[in-house]
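Structures are listed in the sections that come next.
Both complexes below contain chain A, partnered by chain B and then by chain C.
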Partner chain A sequence: MKLLLKALPTLVKSIFYQANWNIENMQGTGFSWLLKDLSKRFKISFGNVKGNERADYFNTNPYFVTFMLGIFLKEAESGKPVDQYKSTYASVFGALGDTFFWHSLRPLTFFLSLFIAVYEPMFAMFFYLIFFNIFNIGFKFLGFYLGYNYGTNVIDVFRTVSFANWSDIADMATIFLMGGTLAIVVKYVSNSDAINSIAIFKTAIFFIAGFTTSRYVSAPFTLIIGAMIVTAIMLLQNI
Partner chain B sequence: MSLAQGILLFFLSGFASLDRVAGINIMLSRPIVITSIIGIAFNQILICILIGAIFEFIGMLEVPVGTVILKDDTFAGYSSSVLISLGAISHNNLSILLAIILVTLMIYPVTLTDIYCRKLNKLMITRAFNETKSNTNSDGFLIRIGLLVSFIRGVVVYNLATFLIFLTLHNIGYFAKQEVSPIYYLVLLFILLMGCLFRFLNGELFMKLIFLVIGFIASWIIL
Partner chain C sequence: MERIIFRVDDRFIHGQVIEGWINHFRIKNIILINDSIADDVKKTFIYKSIMPRNAKLEVMSIDSFLQLDILNEYKKGYLLIIVGSINDLKLINSNIPLEHSYINIGCLATSNHDIPVTDNCFLNQEELDCLVHISEKHSKDIYAHKLPWEKPININDIHNKQMNIKKIQE
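What follows is the complex of A and B.
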């Protein structure tokens, strides 16, 4: 707790560290900025953190950067050279974070919010923000704590909790909720609680069309093509 | 539009761009969130959430890995809900579908400004590196500039692009020709994009189908 309180300003600052994201050193400027801040607070040197490391490449998932800070602090305190971990751990955390946060948590949060929107649209947004940010803030604080306590062995923690499977579990939960959403949509399209084969057929056609076109066309163009088809259907119905 | 609503849009566009590009990352920039906020402010919550849900799929179907710059779905959510809230596309099926097409096309030039922001960041870091090799305190300055650039980008680009779409819709003359709810047509688009996401998610196709059907049946019975 004392450790987290001491590092709190740096952890808060970490939400802005991507501000200089660029194709040259990616998040390098921000990471160097955080390290300097941490160095000042813990009165510790991170080896070659001087001035020219701004040009150093650094890229990881933004929700995992505090793990890196924790590892750096731990290793620097034990007098080990820290820079050798930078690219390896950044890549590992990048892959883990991108898969979980961007690929899986966003769709899961979205469909959970959608279910809430069916009953109370106003709460859906609040739920989205709260649910997602429980993981966001949790990973920020827990990440620093675990990174500091386990150092370079922090990867074992991910293995222990089977973190690599979280994404698959979240995806299956999303698909389950997707099925639930389709049921709500069918009820809306058929305007009744009774099973309406025409509504199910329409829903299935659009769903399969989306599934098929996404293999060949990007999402924005699928949307444009879909909008054109729906416009044509609407015009035909009006004739 | 009242002054308070205008101020809200000003700050919302800025902070959404900032949340997306430069930091914070609390998901204020997600289309479903930004459209809900605008929907609440303009009392158009239901249709705003629905159109936000449609553009949410564009973001969900991409993962920001490495140097990949994602298509700006934040702009799409912001722009479409502002257009709805200003009455440009609220009661007209043709205009809402046309607006979706225009907003989706406009995502590309808006995303280009994101790329230019990154290039500007690169320019600044190169300049700072060349000028201050011995000075270690310019990181904080670069971070603050990055935040400011992202905020300004949101305010200027999002609102300018929305205004252009507004003008296009207005000139084409699709305003309030048919007093029919557009929700049904949005639902059809929503199903189409769910099909895309279904392919995108992890897992064996057979397992995914089983979970989809179980979810469908459970929801049908319970809700």
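What follows is the complex of A and C.
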């Protein structure tokens, strides 16, 4: 707890460390900025960490960056070379983070919110932010704690909890929710307890339109397009 | 897409490789060729730990790979072979079964570079010449291809573009 409180300002800053993302060193400048901050707070040197203007190349999944900070602090305190596993863990956390956060958690959160939106639209909006950020903020604190306690052996934690399989479970939950949501939408379009073929056809058209559109726009817009389609269904029913 | 995918990527295994290539093509066999990783038990263990279910990673040195009979060892399904640099690709190119292989350049951003190919692939003139040489020698196109669903860029086109720029400058 003491460790986390001491590192709290750096962990909060890690939310913004991609602000200087660039094609030259990707997240390198931001990571260097975080290391300098951590160095100041723990009064420890990270060796040859370069200045912000010529930082080394660094790229990982942004939700996992605090694991790296924890590992660096642990290694520096043990007197070992801090960047021995830098590129390895940056790649590995990139893979784990992309699979869990981008591939699985985001769609799962979206469909959970969509499912809730059918009954409580206002709550669904807040639910999306809260649910996703439980993992986002949780990983920031837990990541630093685990990175510091396990050092370069932190991969053992991921093996112990079978983290590579979490995305499979999240995918299954997403598919279940997607099916459930579609069923509710079909029933809503039918406007009665009896589901008719016209309602299924209308829903299928909306679904294909949404799916096709989302393939041609960048990821953040997918949620907006999805929300617009659901709204369109609701409005058309009222008309 | 050919059955054997050779990828040059200085980050070796990361999000694009797992999500883009391994999961997309359901690749079960992956070979990582790098001398320093093959010598480091811990790094090998770390990379193996993040493999998706049903995917098997082998880490081997360049010499071990040169002795490998790829077509006999891996008869079915996709095989992904990852090297960390153009220089490593040059060293192993004698053991690439060209008729079954697709050679692509992924992320190359950590080395000194001045020729932009994609937003995370940069080459220097020496590397570009080396790729063109391999491509011409084996009559096999080499592409910069970040993700399978993105449009690949032929390295020969980049080379021709560079030649035109030089001519204009002269």
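A few comments on the model shown:
The rule is short, and it goes like this: the second predicted complex is superposed on the first by the 191 of 239 C-alpha atoms of A that agree within 3 Å, B and C clash if a C-alpha of one lies under 4 Å from a C-alpha of the other, contacts with A are read in each partner's own complex, and residues count from 1 in each chain.
Just so we're on the same page, contacts are C-beta pairs under 8 Å (C-beta built on N, C-alpha and C of every residue); 3 or more make two chains touch, one makes a residue touch a chain.
Remember, predicted model here, so these are calculated numbers, not experimental data.
Of the two partner chains, chain B and chain C are each touched by A:I23.
In the superposed model, more residues of chain A are touched by B than by the other of chain B and chain C. In the superposition on chain A, A:N136 makes contact with chain B only, not with chain C.
Of the two partner chains, chain B is the only one touched by A:F110; chain C is not. Judged by the touch definition given at the top, the superposed model places A:P9 against neither chain B nor chain C. Once the two complexes are overlaid on the shared chain, A:G97 sits against chain C while remaining clear of chain B. Shared-chain residue A:T152: touches chain C; no touch with chain B. In the superposition on chain A, contact of A:A164 is made with chain C only, not with chain B.
In the superposition on chain A, contact is made by A:K202 with chain B only, not with chain C. Once chain A of one complex is fitted onto chain A of the other, the partner contacts of A:P81 are absent, as it touches neither chain B nor chain C. Where the contact sets of chain A with chain B and with chain C meet, they give residues 23, 26, 59, 94, 98-99, 102-103, 168.
Chain C makes touch with chain A in their complex at residues 11-19, 23, 37, 42-43, 45-47, 49-53, 109-110, 119-120.
Across the complex, chain C is touched by residues 23, 26, 57, 59, 61, 85, 87-92, 94-99, 102-103, 152, 155, 158-159, 164-165, 168 of chain A.
For chain B in complex with chain A, the residues that touch the partner chain are 21-28, 30, 32-33, 36-37, 39-40, 45-46, 49, 53-54, 56-67, 71, 93-94, 97-98, 100-101, 104-105, 107-108, 118-119, 121-122, 124-126, 128-129, 132-136, 138-140, 142-147, 150, 184-185, 187-203, 207-208, 211-220, 223.
In the complex of the two chains, the chain A residues touching chain B come out as 15-26, 29-30, 32-33, 36, 50-52, 54-55, 59, 62-63, 94, 98-99, 102-104, 106-107, 109-110, 113-114, 117-118, 121-122, 124-125, 128-129, 132-133, 136, 167-168, 171-172, 174-189, 202-203, 206-215, 218-220, 222-224, 226-228, 230-231, 233-234.
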